[in-house]
Structures are given as structure tokens and as C-alpha cells.
Amino acid sequence: MAWRGQSVLLEELLFNTKHGLIDQSLHSRMGVETTNGDGFGVGWYGTGTGPGRYRSVSPAWGDANLRELAAHIASPLFLAHVRATSGSAVQETNCHPFRHGDWLFVHNGVIADFPQLHRDLALEIDPSLYPSIAGSTDSEVLFHLAVTYGLEDDPPGALERAIGLVEDTARAHGLEPAVQASIGISDGERLWAVRYSSEHRSRTLFASTDAETLHRLHPDNPRLARLRDGDRLIVSEPLADLEGAWHEVAESSALVVAGDGALEHRAFRPRVTV
Amino acid sequence: MAWRGQSVLLEELLFNTKHGLIDQSLHSRMGVETTNGDGFGVGWYGTGTGPGRYRSVSPAWGDANLRELAAHIASPLFLAHVRATSGSAVQETNCHPFRHGDWLFVHNGVIADFPQLHRDLALEIDPSLYPSIAGSTDSEVLFHLAVTYGLEDDPPGALERAIGLVEDTARAHGLEPAVQASIGISDGERLWAVRYSSEHRSRTLFASTDAETLHRLHPDNPRLARLRDGDRLIVSEPLADLEGAWHEVAESSALVVAGDGALEHRAFRPRVTV
Amino acid sequence: MAWRGQSVLLEELLFNTKHGLIDQSLHSRMGVETTNGDGFGVGWYGTGTGPGRYRSVSPAWGDANLRELAAHIASPLFLAHVRATSGSAVQETNCHPFRHGDWLFVHNGVIADFPQLHRDLALEIDPSLYPSIAGSTDSEVLFHLAVTYGLEDDPPGALERAIGLVEDTARAHGLEPAVQASIGISDGERLWAVRYSSEHRSRTLFASTDAETLHRLHPDNPRLARLRDGDRLIVSEPLADLEGAWHEVAESSALVVAGDGALEHRAFRPRVTV
Amino acid sequence: MAWRGQSVLLEELLFNTKHGLIDQSLHSRMGVETTNGDGFGVGWYGTGTGPGRYRSVSPAWGDANLRELAAHIASPLFLAHVRATSGSAVQETNCHPFRHGDWLFVHNGVIADFPQLHRDLALEIDPSLYPSIAGSTDSEVLFHLAVTYGLEDDPPGALERAIGLVEDTARAHGLEPAVQASIGISDGERLWAVRYSSEHRSRTLFASTDAETLHRLHPDNPRLARLRDGDRLIVSEPLADLEGAWHEVAESSALVVAGDGALEHRAFRPRVTV
């Protein structure tokens, strides 16, 4: 889940919504895993230098501190993630968002056969970045590959190269490449979302409609009345069943939310570079 | 879940069974809560003095230590519990089993309106027991009430008085009494199970059939072949869909598993005593 | 530790000072316990409604989240506490600050023989407050007694009655009263500090000198140059060995830091009321 | 700490001794760090297949589960470790003992400049072992290097090669090699201890004197009376100040405790192999 727009208390979106992320941690409706109880994390931009981060191995639904922080931290741009491990340890260093300088990264998905590919992928990471890998997940390796390939200049392009490498490495091991990647990235200004899977059966990803359209469609909805021009929410699952409120991000595509909330789409095609 | 019989590794029953307790922590089929991820606990009799106990706030499905301990601790009598909080904090002191001397106690259920009744119930606990209340749950208060009322002499009788008091206190507050109580108790020799609810719509509770019958019904099942005379398992949900393997404990009844595995049933009728 | 003054990042006082609270968690110089590693907590006023709170059972020195939050939360008024348990469980509900509405409370000290007194003290708490006791510490009981006795009208006066009751209850049990109480309280506007012990050998408590005096004494100190009129820090141990920077709060006295930073002292004399 | 001898409850050595390991976690007398509160672990051989392990990020002194397990698990051979992190995260996967098949490994010490050397050292690990690295410590890398170099055939020899590689890699980076390594290893039968540091200023390491000598020296000591032939304890710090009870393991040496408790010493000289 990712928000870009007016500054809001985190709880507005994490707790005070039907089918919000905390609810999804306990009862996901669209996810591969119906329970996402293996930790969570939230990263936000606001007070202080660079993004702040709170991660915990507790299930999000029961973490008293998350509820406190969400009620007392406001931010115009934040990302949140609930985790269902595909095997790696339940520990804070494996919780998203991952961070590099001003950049935050959340990944809903998996690299199939990661144990077999792990070493080869780790070797491709820029040696200067290697010591900053603190956990043991596929997602953190994918993030560091993207940083290696120029995330800071062109996030979707760097991810195309990173995922291209993963797929190529799988093939080199005689394995069918199988990357699932619903990804959110931010530098504190813009927000990127990627929806991709090797099999072209990606997990769902939705962006909220612009405020003006929502006000016109649902003139009497008090929650929507508070939305302003430029507010955008990216989610794996719609927060509420509201007609016209969400448009699905297309399979194999990337989305940029600019500073003014404008959306820009582009195709997402992993590629191998030498 | 409770086991009484030959000494087995805890993992045999916690992990190596279809629909075992760990599986139930993630996907309960019959419970009120489909996810029981707010901590867990296991208590066992064996090496050392009195029962040992391991409790954790992690979801049982992801706790690496539980898997280790279950693979390296064997016991002829143990109780295990997965928790879904009805409001009190997720902390070890709120995890079952509760303990008093050699006695262990697990409770699957709830005392409705507990916050309103908490103080009155706590005052009924024997003052010498008061300081040993370490957590904040309805279950721990219920246990200490039962100890106050003679749990060590007559566990079902003490529980009838304890639950009678809870129901009476609710009525005194102008509330409809609503106790849900699937309970397991042991002193290291015998095992008691109680199934009761004020509304007579109790959560499920099952006891395993005796080994001889199971061997006759399923002569080719290798797991069942390992069962011996006197082995008994009490569960909230059957571990596997095996014909004749389970008989449901009747509504409003108590069950004793004696040292030789013999089952004894009796009615369970909460009563108020002055 | 408590701060009242200009809005600062929590890390300024928690981490970026010699002998700061985090350092004290590992190596206290003046405390009864040299290690305060049984959890910690911080409560602050700022964004959102009422005080926010972050508590953890980890030692403060190693908690990655505390470091993150301290770097990204700013506040003009906050209290922090590191804990060394005197016996009760290491769990978040036992970590300070305790909270009631807008009020925060931290206690460095102990009620001797608390297990014997616990029940009697708990019964004196206003029954409507009883369900909000979430943990098992002497400190939380003392706080709720003070709320019962009018903390919101006169914090030191309510504490005089609360501690008077504790001492009287100890005597009624044939015990020598022994309360140790370095206490910090706030309602979000003012800040109170109390230094008291039954034996008149209280733990240390210091208040920072006013900014003007500090600027005159140490004209070349860049840290002190940032202090403004009205800034006040209350600590158990001085943060740095700086001449004239701290004045010790007198034995058996209370201190109020008003909205403009002005200090007011009064005697603190526990008393029994019927 | 490591024990090899008659089967004892873990608590006998972890808790029921003056200056035992749990006490050392709070107040180490000889260690570089006076507080070892960043998690702990214990590994033991006994019931079940292979070694069992319990690790936690809590300080050992306050972990309720450790106290329970120590009172209810008996073992003839176990290793325990308390951790003071030199920078890597406080998480269970960073807690000792590390394990490979039947082998357990504990390391009290540090590889200086590990972040700079990490990648080069990780590349030397047998690729088939790479995916089993679950944490981010220098100790776990050192262990996997030793496994790569034949730990299962000759533990001290494999460690000589592993540490030789570390020192050589440091030199290749233009750094002064600085390995501190008090190490305990077991396969469930024998126990190895290594004391080494690049600067030849190793942390302390002691082995207990044989039972017969201890009985003769201290005929009236009831604790020592329970010792039997073949019992051996290896510790970083002596458990009690008892004349003749401990002999220090020499600088740059390795020690084997055979199945009958006999001690064998050999020199320990890291070496580079190509």
C-alpha cells in the first residue's frame, strides 16, 4: 500500500478503512496468502531527514505500537507492507520497506527457487552495497540489484534489468523463471508501482481514481469529500467496494505518480543486459 | 489440545498431523476465529520438577523455537493452546497454559463483558493467590477462581463454582451471562476436559477413540498402528477426517482421562455457592 | 527523562548526548541498577490527538525502531523511561509511560513488598479505572491510585495521597514502608517531577538550568547555544558534566515546569486520608 | 559455555551457579563487554534427532522461557552463548549456536572490519552451503567457512584454515588482521574449544579440572561431590572462585574433550591454503 498526496495520519489509511491493510493482514481477499501475519513495516517521509521506518515481526493486526504510531505520525507520502513469508525467517531485517538513502521499496511477491539462485544474484550486487544487506529475503536482494542497475535514475528501467537478471539466472540453472512482483518505490517525491509476473498472472494492483472524478461519482460520501487534487493511493486490494474508485494497473506495466498526482503508465519488460 | 498416553515428541501431534494445532493457528476450520495468531503456549510433564512451559507471542506457525522444542522434547502428558485475543494484550503472561503448582490449565473461549466483571471476579480470588496473577485475561482469572474453589480436589466441581460465579456476577451487573469454555486441565496424572457455554452453543471438543477400536477400524493406517492402549488425545478440532476416530464431547459435560486412559463422563452444571 | 520546551527531534536528547538515556540503559552511573535492559518507553505530545507512545521489551540500546522513531518524531514535550524490573514480567504493558487520557506518567523506583500489598492497593483504585490496568507493576498501580485521588486537579497532591496510602498499607501489614519514587508527569502543557523515598534516600533527580544562565556560563558551547528560554530537561542522571548546568531536585520535593519553563518547587509530604 | 559429561538439567549450570552464564549476561567480569544483553542461545544433544536449539533476542537474564526450558531439559552435552552485538542486527538468526547437521558452533569474539571483508569471505563458502546462511554475523560466516574447509573431519584444522583466510583477506584489503575467537564446537560426541586472537591477546577460556582432583582438593564441597569422572565444563569466565578448579586454555591453542572426558591440547595456527 502506498499513499501520495495531502499529509494524513497513517491511521486514516491503515486502520480507519474497510478492508484496509491491517484488515488484509488478517483476512486478505485477493492475495495468494489469506493471512499475512509474519511481520509488517511502514516507511514514511515527513519530519526528520530521509524516510522513517517502523518494522515489526508481530502480526500487524495486534501490534499496539503500530496503532500508536499510526495515530501520531502524519505524512504526505508513505508505503506500508504486511508479510507472509515464503520461507525466510520472521525477523525485522526481512520486513519491508527496504531502504537505500532516500529510497523506499516494498515488494508483494516472490522469486521462485530463490535458495538456488541466491548466491548468483548476490554476486551481481554492487560490492559496495553488499554489506548493507541486513536480511535474507529475495525481496531485499531484488531491491539491491535494482539499486545496482540505476534505481535512482530510472526505477522501472532498473527493475526491468533486475528482474531480467533473475529470470536469466533461473534459466541458467535449468529452472523455469517465476518472478511475482507487485512493487512500490519512492524517493520521497514521486511514487512508482510495478505489476509484473513471469507467467503474466500477476497479483492484483490498483490505483485510486483522481479526486475530481470521485467527488462527481459519489457527491455524498464524506470520506471521499476529504480527498484533494493530487491524492493517490496504490493498493494490492481495493479498500472499499466503491464504483469507479479504483482502476486496475495493467499486467506487465509500471505506473508513476508525479508530484501533482498525475499518473503516467508505461510497459514493463524485463530485459537481460550484459 | 491435550495428550495423555505413551511418551511422544511434541512435534508428532503439533506438527506432523494434518489439521494439527499449528495448522489450526493459521486456518481453523471450526473455531470462532479462523486465525489464532496472537501467541501460543505448550505445557508438558516429563524431565525436571513439575510441568515445563513454553509460551510466546509469535504466531505458532512461524515460531522457530517451537519447532525446535517440539522436535526435542518428549512427554506422556502435555497441553497446547493457540490464542486469538478477545481484547487483552498480546503478551506471554496472557498465553495459556496457566499454571499453579503441578496444575496446568488451557481455555478456549471467552467471558463476555469481562472488563465490567473483572474487578468483582478478582476480589473473589483467594487473596493469597492474587499476587500470582501475572496477566490480564479472563482465562487466568477463571483459573484462579477455580483454584480458589478447590480445583486440586475436584477440578470439574471447582469449575462449576467458578463459572457459576461468573454467570452470577454478570447477572448482578444486569448483563446476560455468556461464558464460552472449552477447558483442559491436568495435574500430571489425569486429564480433565470441560465443554460448556452459557448459551449451550459450545465450541467443539473431541476425544480420540481408544487404540483397540482404532486398530480394528483402520488396520492399515501406519500412524494409528503406533497408538497404544491408554493413549488419548483431546482436541478442539479433529486432526484428520478419519471415520470413527473421534467422539464429540457432549454439550455441558466434563470428561476425565484416568491414568490408564479410561474415559469418564459427567454432567457439567455451573452453580452459585455462598 | 522529560523534556519541555522548543520542539526537538527525540534523538537530540535520547541518542545525541553523552550519558543520554540510551547510554544509561546500558551503563547507568547513578542508578540502583547499572543495567536498565528490561524494556523502555517514550511518550510524546505533538501530531495527532493526545500523547503518542512507543514501548518495547527490547533493551533501549539495541532497538532499531526506537532509533528510527527518535530520528523522525519531533515534540515540544516528551517523557522517556528505561526499565530494570524488580520482579514483574518483561512485557510492553509493564513499560512506562503509563497513560490516562492526556496524562503520561513515568516512575523510576519501587514499592517494596509489592506482592503483599498489591491486592489491597488495587482495591483502592476507582472501580471504573480497574479495567484499564493492563500490566502487573507497582508503578501502574501507583499511577491509577493517583488518578483516583485527583491527579488531574493536583498531581503532587494526588501523589502525596497515593504514596501515603501505600505507606499506610505497608504498616497495616506489619511492614516497614519503603517507597522509592522519582516520578515524571505531564498533561501535555505542564510537567511535574517528584523526588521522594520513605527512607529519605531518594534516587537522584536533576533539572536543567535556564537557557540564559547556561549561555552566560558556557558562551562557546554550540549545543547549549541552541537552547531557548523556557527549555527544561528533567533527568535522573545529568547528561554531561557541565558546571552549573544542573541543579538537583531536593529530597522530598515536587517541581512544576510551567508553560513558559518557569520552575516552581514545593515540599512533598505523603499523607493518609480517609 | 559448554558442558560434556553426565546428563544434567541445563539450569544446574546456567542458573544455579555463582557467576554462571546468565549472571555473566548482566555483569561479565572478564569479557570485553560488561553487558551481553543482545540475545542468547543454547544448543543441546539428547531427546530427538540431532541437536535442539533455543535462541532468543531477549537478554538471557530476563527470558522466562529460558528459565522454564533450563529446568525441564536435561543433556549430557550442551553449549550456551550470550551475545553482545558488534553491529549486526539483534535477531534470532544472529544468535549462537549455529548449526550444520549434527554440529553446533559458538563464538565469543569478532572479526574486525567485517563489513569490508563480508563479501569476499561469503564467496569462499561452498556454494551449496550459501543458502543456509540465515543471519548476518561474522560468526556465522566463519562457521560456514570452517564447514567448507572440512570441519566435520578436523574441526581445529578447518578453523585454522577459516581464520587463516579471514586474516589473509584482511591483509588483501590493506587492513591489519584482527580476529578474536574463543570458540566451542561439538558433534554430539566430542567437544572442541579454541582460544585464539590475531594479536595474541585472546579473551579468556577455562576448562574445569577433572572430578577426581576436585574431590581431593575440596572434599567438603557438596556441588563438586556430584561431579563424576569424565565431566568437563568449558567457560569464558570461571563460575566460582575455587582454587584448583579451573585451568586456563593457553593462548593460540585448541582443546578436545573426548567421550571419556580426557583432554587433549594442540597448538592452533591459522594458515592460508590455496
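Note that the chains take the letters A, B, C and D in the order they are written out, and that residue 1 is the start of every chain.
Definition applied: contacts are C-beta pairs under 8 Å (C-beta built on N, C-alpha and C of every residue); 3 or more make two chains touch, one makes a residue touch a chain.
A quick note: this is a predicted structure, and the numbers were derived from the prediction, not measured.
J.: Chains touching chain A and chain B alike, please list them.
T.: C, D
J.: Check the residue numbers that chain B and chain D use where they touch, and answer same if over half are used by both copies, otherwise different.
T.: same
J.: I'd like to verify one number: the distance from the centre of chain B to the centre of chain C, where each centre is the average of its C-alpha atoms, in whole angstrom.
T.: It comes to 41 Å between the two C-alpha centres.
J.: On chain B, where are the residues touching two or more other chains?
T.: Chain B, residues with two or more chain partners: 64, 89, 92.
J.: Under the stated contact criterion, what part of chain B meets chain C in this complex?
T.: Residue positions touching the partner: 88-89, 91-93, 115-116, 118-119, 122-123, 127, 130-131, 133-136.
J.: For the complex, give me every residue of chain C touching chain A.
T.: The touching residues are 9, 44, 46-49, 52-56, 64-65, 68-69, 71-74, 92.
J.: List the residues on chain A that touch chain B in their complex, please.
T.: Within the complex, chain A touches chain B at residues 26-27, 34-35, 37-38, 57-59, 61-62, 64, 85, 89-90.
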